[in-house]
Amino acid sequence: GEKKSEPQPQKEEAKAPQVTSLKISYVKLPLNVPSIVEKKRNLFEEEFTKDGIQVTFPEITEGPKMTAALAAGSLDFCNALGGTSAILAAANGVDLKIIGMYSRAPKAFTIMAKDPKIKSVADLKGKKVAGPKGTILHQLLLASLQQNNLKTDEVEYINMPIPSAVSAMQAGNVDAALIAGPAVPQALESGARILTTGEGLLDATIVIAVSGDFLKNHPDLVKRYLQVHQASLQYMQEKPEEVYQLAAEETGISLAEVKQMVGWYDFNPAITDKDIVDLEKTQEFLLQNDMLTNKIDIKKLIADI
Amino acid sequence: MKQLKGMVIPLVILLFWIAGSATEMINQYIIPPPAKVLQTAIDLTASGVLLKHITISLYRVFAGFFLTVLFAFPLAVLVGMNQKLEPYIEPVLDFLGHIPPIACIPMLILWFGIGETSKLAVIILATFFPVFLNTLNGILSCSKQLLEVGEVFGFRARDKFWRIIMPAALPSIIVGFRLGLGYSWRSLIGAELIAAASGIGYMIIDAEQLSRPDIIIVGILTIGFFGYIIDYCFFKLSNRLLPWVGERVNYGRS
Amino acid sequence: MAGVKIEQLSKYYTIHNEQIKALAEIDLTIPDGSFVTLVGKSGCGKTTLLRLLCGLEQPSRGQITFLDQQQQVVQGKGRVSIVFQEPRLMPWLTVEQNMALPLFKEKDRRRVNQTVTHFLALLGLKKFRDAYPAQISGGMAQRVALGRTLCYDPDVILMDEPLGALDAFTRKNLQAELVDIFQTQKKTIVFVTHDVDEAVFLGQRVVILEGGKILEDVAVALSYPRNPLQQEFFQIREKILTVVMGEKPTKIGGYSQ
Amino acid sequence: MKQLKGMVIPLVILLFWIAGSATEMINQYIIPPPAKVLQTAIDLTASGVLLKHITISLYRVFAGFFLTVLFAFPLAVLVGMNQKLEPYIEPVLDFLGHIPPIACIPMLILWFGIGETSKLAVIILATFFPVFLNTLNGILSCSKQLLEVGEVFGFRARDKFWRIIMPAALPSIIVGFRLGLGYSWRSLIGAELIAAASGIGYMIIDAEQLSRPDIIIVGILTIGFFGYIIDYCFFKLSNRLLPWVGERVNYGRS
Amino acid sequence: MAGVKIEQLSKYYTIHNEQIKALAEIDLTIPDGSFVTLVGKSGCGKTTLLRLLCGLEQPSRGQITFLDQQQQVVQGKGRVSIVFQEPRLMPWLTVEQNMALPLFKEKDRRRVNQTVTHFLALLGLKKFRDAYPAQISGGMAQRVALGRTLCYDPDVILMDEPLGALDAFTRKNLQAELVDIFQTQKKTIVFVTHDVDEAVFLGQRVVILEGGKILEDVAVALSYPRNPLQQEFFQIREKILTVVMGEKPTKIGGYSQ
């Protein structure tokens, strides 16, 4: 957006400092079509520049860094923050509020294996599984083990980022990998198979969060933000072909794959009771695995706009 | 001729790569065949993406390196010339010298925001020590005999520094600068982890998330190539400007 | 211009836990505009004395005062400089640049050039003005070092065997030049040498050091230019040699020079 | 006394930290108050977790650094002593010197698996160049005058190396080793990104993922502290073993 | 043991694009077990000749052959070593360690110790065996350098002004010692000096260099130990001085030494 030099008349809340810029995190992966639409079609700029507010889209993709930036005041909106990251940050004292759901995409999160002998999650007993710790993928592994009546320590879990996990699986160092996003089709192509997805196990909730301070001082801006988000969803519905094309260009994923993958995502921003239950399940998972020590009330985390 | 000799080892590696890919000895999904990497390189170049990334990274490397020199060099001179300061500053620097800049990213964001400043801070943290320590060593190693010459001709500290210490310390300083430049490039990945939307480090991180090893390899080769070129120019330039450095082994007899 | 007054000057060093008295309670007055030569055995403290005089070392005891022509104490050490025992040239500068080094503050580069060229010619180094120190011979390097200090033109010139590495021919020439510089420019010169002939040829006084003490201070009351074949010259020389060589000089090496 | 002087700056920083936290000038979430960090440090120490992490990291740093020296040092000697090799090897090393090891992790996993080998490889990649370049510079800077002394006493290359070049190059080599040690510590985060379940780098990564800045700070302080201690011991040891290095400024007059 | 045959030896250097003929077609035979002294003006090529002889430089033209007592060509350069014009001591070794440096291969450390102690005493350095080079005087450093080569005990000893920085007393002593070493151990010695007295006192032949050429090769047919007060000694000395100083020696500096 362009910078406006003339002072803007202050419309509301004389006590709060005037907002001159909005920093909204931009996460395009695994396949965050609404964000892509918002950024590429300048939806936020259209909404806010008329008030002299400059909008920027820092690409902070890792949850912990996003919450750190939010706490540092370098970020106003976490547009697509993993449920786990939101809970961990909030529990550790970051003043953040969930103002909406970004997506639920159980199918986008998978456990994959290359060894043909491993046919199901049950075959993972005594095997090595690699993937990022404390994330939805980790949660998926534990949930699926439980579903298959395996104990947590009956597989050897190895913590590593997704790209390394893929590499380790390709090299035969681990038997299965926890994979999400564009790495999934890539791995499929190389002969790996999906053992299970999150479907039926968890919802893989991604949320939209804002700093508590910001929400208190500028509830109107938050409201307008959500309206823009709605508008981008609207646009997605109206012109799917154009949107898929846009997403394919932005992510480098082929159009066909985009079309295939987009079906896995539910972008409805409304926070349902089921979402809250899922977030609570996530907190439970973190607590059980010693990643969280103090429990918080999920409901208090959610701001009703 | 010298350039040709330098190509021997890369060519051997390339041959292994081609052979390994053809015989499928090398995993195609982690190290794609040369043809594919070449194609990607051509595409990225043609579309101007690579140029955009390398331009912004070049700017960051140069700015970061320049700022590092701006901090590290005078500090090394200060400590080297006033050895009373050393016990105050050395332990602190020594302590800092072991800390991974990546671990400090949240703090850097707190202090410097998520703009260019934090990125430059990461580069500076990664680059500071070779420049500092090598400059300091160069200064401290300066022959006392030659310094006494300055002394008896009424040189002030400044004159001694520019006319005796600097020329004597140059080989060390240049090593520090070369190492520093190298670490500037290396720190790009860490720096461009902070909310970057462009830069060669960003390109690599992004490609990693997109599972595009071909792009990663193009990125690595680009960094290596530009790094080498800059280092080469730097080396030639310093030899040109300071002809005696290249021939330092000939000093011996003086 | 300045004279030097040395009082009870001592300098101790420690080598491997043993104390070395490099200089022991030296008293010496060098009036402004006089030419003093220092002789003595290797290790007797000549270099140490010069280093103390130009402030490169601090005395362990005693003091050094610089006096002007009116015998007033000069603050600081005035313009004292030294030709070191080793050439100590900057390896990265050419012969010419090395000689111009002390004149770096002089704005008028043409004058610097003139001065340097003058001394290059005087020292027989004109052909080698663009050579680097690694490219010249030992004697040339010594001449460059001498020239460098002459270019600096200090009031008190200390010289630590500046002609030691030179052949008889070049040495004679430069001795004559030094006498000329001394006479025309009224410098204070302290000159260390191992050559007793040279000491007598140059100095108004020859100070003989031994084990950090002054053994004898011999006045040479001859006018310049001196003739070594002269009777008085020969007598002074013999006297100094006897002192330097100890009681029985003729026994050593079979001849007395 | 010297140690006390070294505490001045850290104490000032601590005071600022305490004051900043008390007045809430410092963001409590990113830099928790000293009391909390201290409590966390005590907890981690009491439970033995910190000890476990630091032990394994110390092992990795030492092993990685040792291997680096094992590769870099002889290579520098080889290139320094046979300058014919230089045009073949230098460009390759120069190229590699700019590449971020983190970008190569997927490839390292392919070649070396996910065990200790890959981790050590990351450390070696991060540590190699200071050791190599400083050693090389030290060797090349050795006075030709002194080398000729060896020559006329019939020294073979080996004798010249051990009796003349090494002692002369030591100050440079020590700078390289100190820098290398520093970068070994720094690379822990990258190294322990590869399938680690322990190590101080892992502890930091983990704490970041779990949003535990207090643990991150304890980790950073631990690295800085141990790095400083080791560096200090290394420095003292080298001064003890090679008494002339500490006093090198005194050489001048010889 | 070895003699040296030098044929048509030339060495050219380039300084700033100008060619310098440091040595121009030198022919010289130094028989096994002979003592040759080299004199000549500063920059005439003395050091260059020694550097070529001990293999530190390659000839631009001509060749150097080492011959044994039966006039057979010795492969390689045999055991030739040099005392450099500068001390070139290792700053990190003590005086004693510097002297022992060439003997590092010798297993019998007691013998090394004996040799070193012998030469330390001979050179008057016993008190300074534990001093570092930075702690000793210029003349002492030169003696250490001399001692180092004597410890190495080569067949052919080249010496580039080894006594240049020494006082008359020490110098006389060491000249006598050198003559003794030469006579008892039958070494081949090539000795550069600026002191014509020294050249005549030591050498069986005095070779005078000028501008890279041999100007004259004067035989000194006197038996050791020589007496400088002797008529023949004085004549040879005068002859050499006349050659070195050019046509009119008396005009320079006012005296002819």
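In order of appearance the chains are A, B, C, D and E, and numbering begins at 1 in each one.
Simple rule for what comes next: a contact is a pair of C-beta atoms (placed from the backbone, for glycine too) under 8 Å apart; a residue touches a chain by one contact, two chains touch by 3 or more.
Labels paired with UniProt names: B, D = Sulfonate transport system permease protein; C, E = Sulfonate transport system ATP-binding protein.
What you see is a predicted model; the values in this text were computed from it and never measured.
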Next item on the list: Can you pull out the chain pair that has more C-beta pairs in contact than any other?
Entry: B-D
Check: How far is the middle of subunit D from the middle of subunit E, if each middle is the mean of its Cα atoms, in Å?
Finding: 50
Next item on the list: Go ahead and note the Å separation of the Cα centroids belonging to subunit B and subunit E.
Entry: 51
Check: With chain centres defined as C-alpha means, what is the inter-centre distance between subunit A and subunit B in Å?
Finding: 35
Margin query: As a quick test, compute the distance in whole Å between the mean CA positions of subunit A and subunit C.
Written below: 83
Next item on the list: Pull out every residue in subunit E that's touching 2 or more other chains.
Entry: 86
Checklist line | Multi-partner residues of subunit A (at least 2 other chains) | finding: 65, 68, 71-72, 163, 166-167, 170-171
Checklist line | Shared interface positions of subunit B, touching two or more other chains | finding: 27, 30, 106, 109-110, 145-146, 148, 208, 250-253
Notebook entry, point to check: Can you name every chain pair that touches?
Noted result: A-B, A-D, B-C, B-D, C-E, D-E
Next item on the list: Over in the complex, which subunit D residues touch subunit E? Could you list them?
Entry: 145-146, 148-149, 151-154, 159, 163-164, 167-168, 242, 244, 250-254
Check: Taking the complex as given, what residues does subunit C use to touch subunit E?
Finding: 13, 15-16, 39-43, 47, 85-86, 128, 130-131, 135-140, 143, 160-161, 164-173, 175-176, 194-197, 201, 225-229, 241, 244-246, 252-257
Item checked: Contacting residues of subunit A [partner subunit B, same complex] -> 23, 26, 29, 57-62, 65, 68-69, 71-72, 74-75, 162-163, 166-167, 170-171, 181-183, 186-187, 189-190, 251-253
Item checked: Residues on subunit D engaged by subunit A in the complex (per definition of touch) -> 27-30, 105-107, 109-110, 113-114, 193-197, 202, 206, 208-213
Note to self: Give the list of subunit C residues in touch with subunit B in this complex.
What the structure shows: 54-56, 79-82, 84, 86-92, 101-102, 104, 132-134, 141, 152
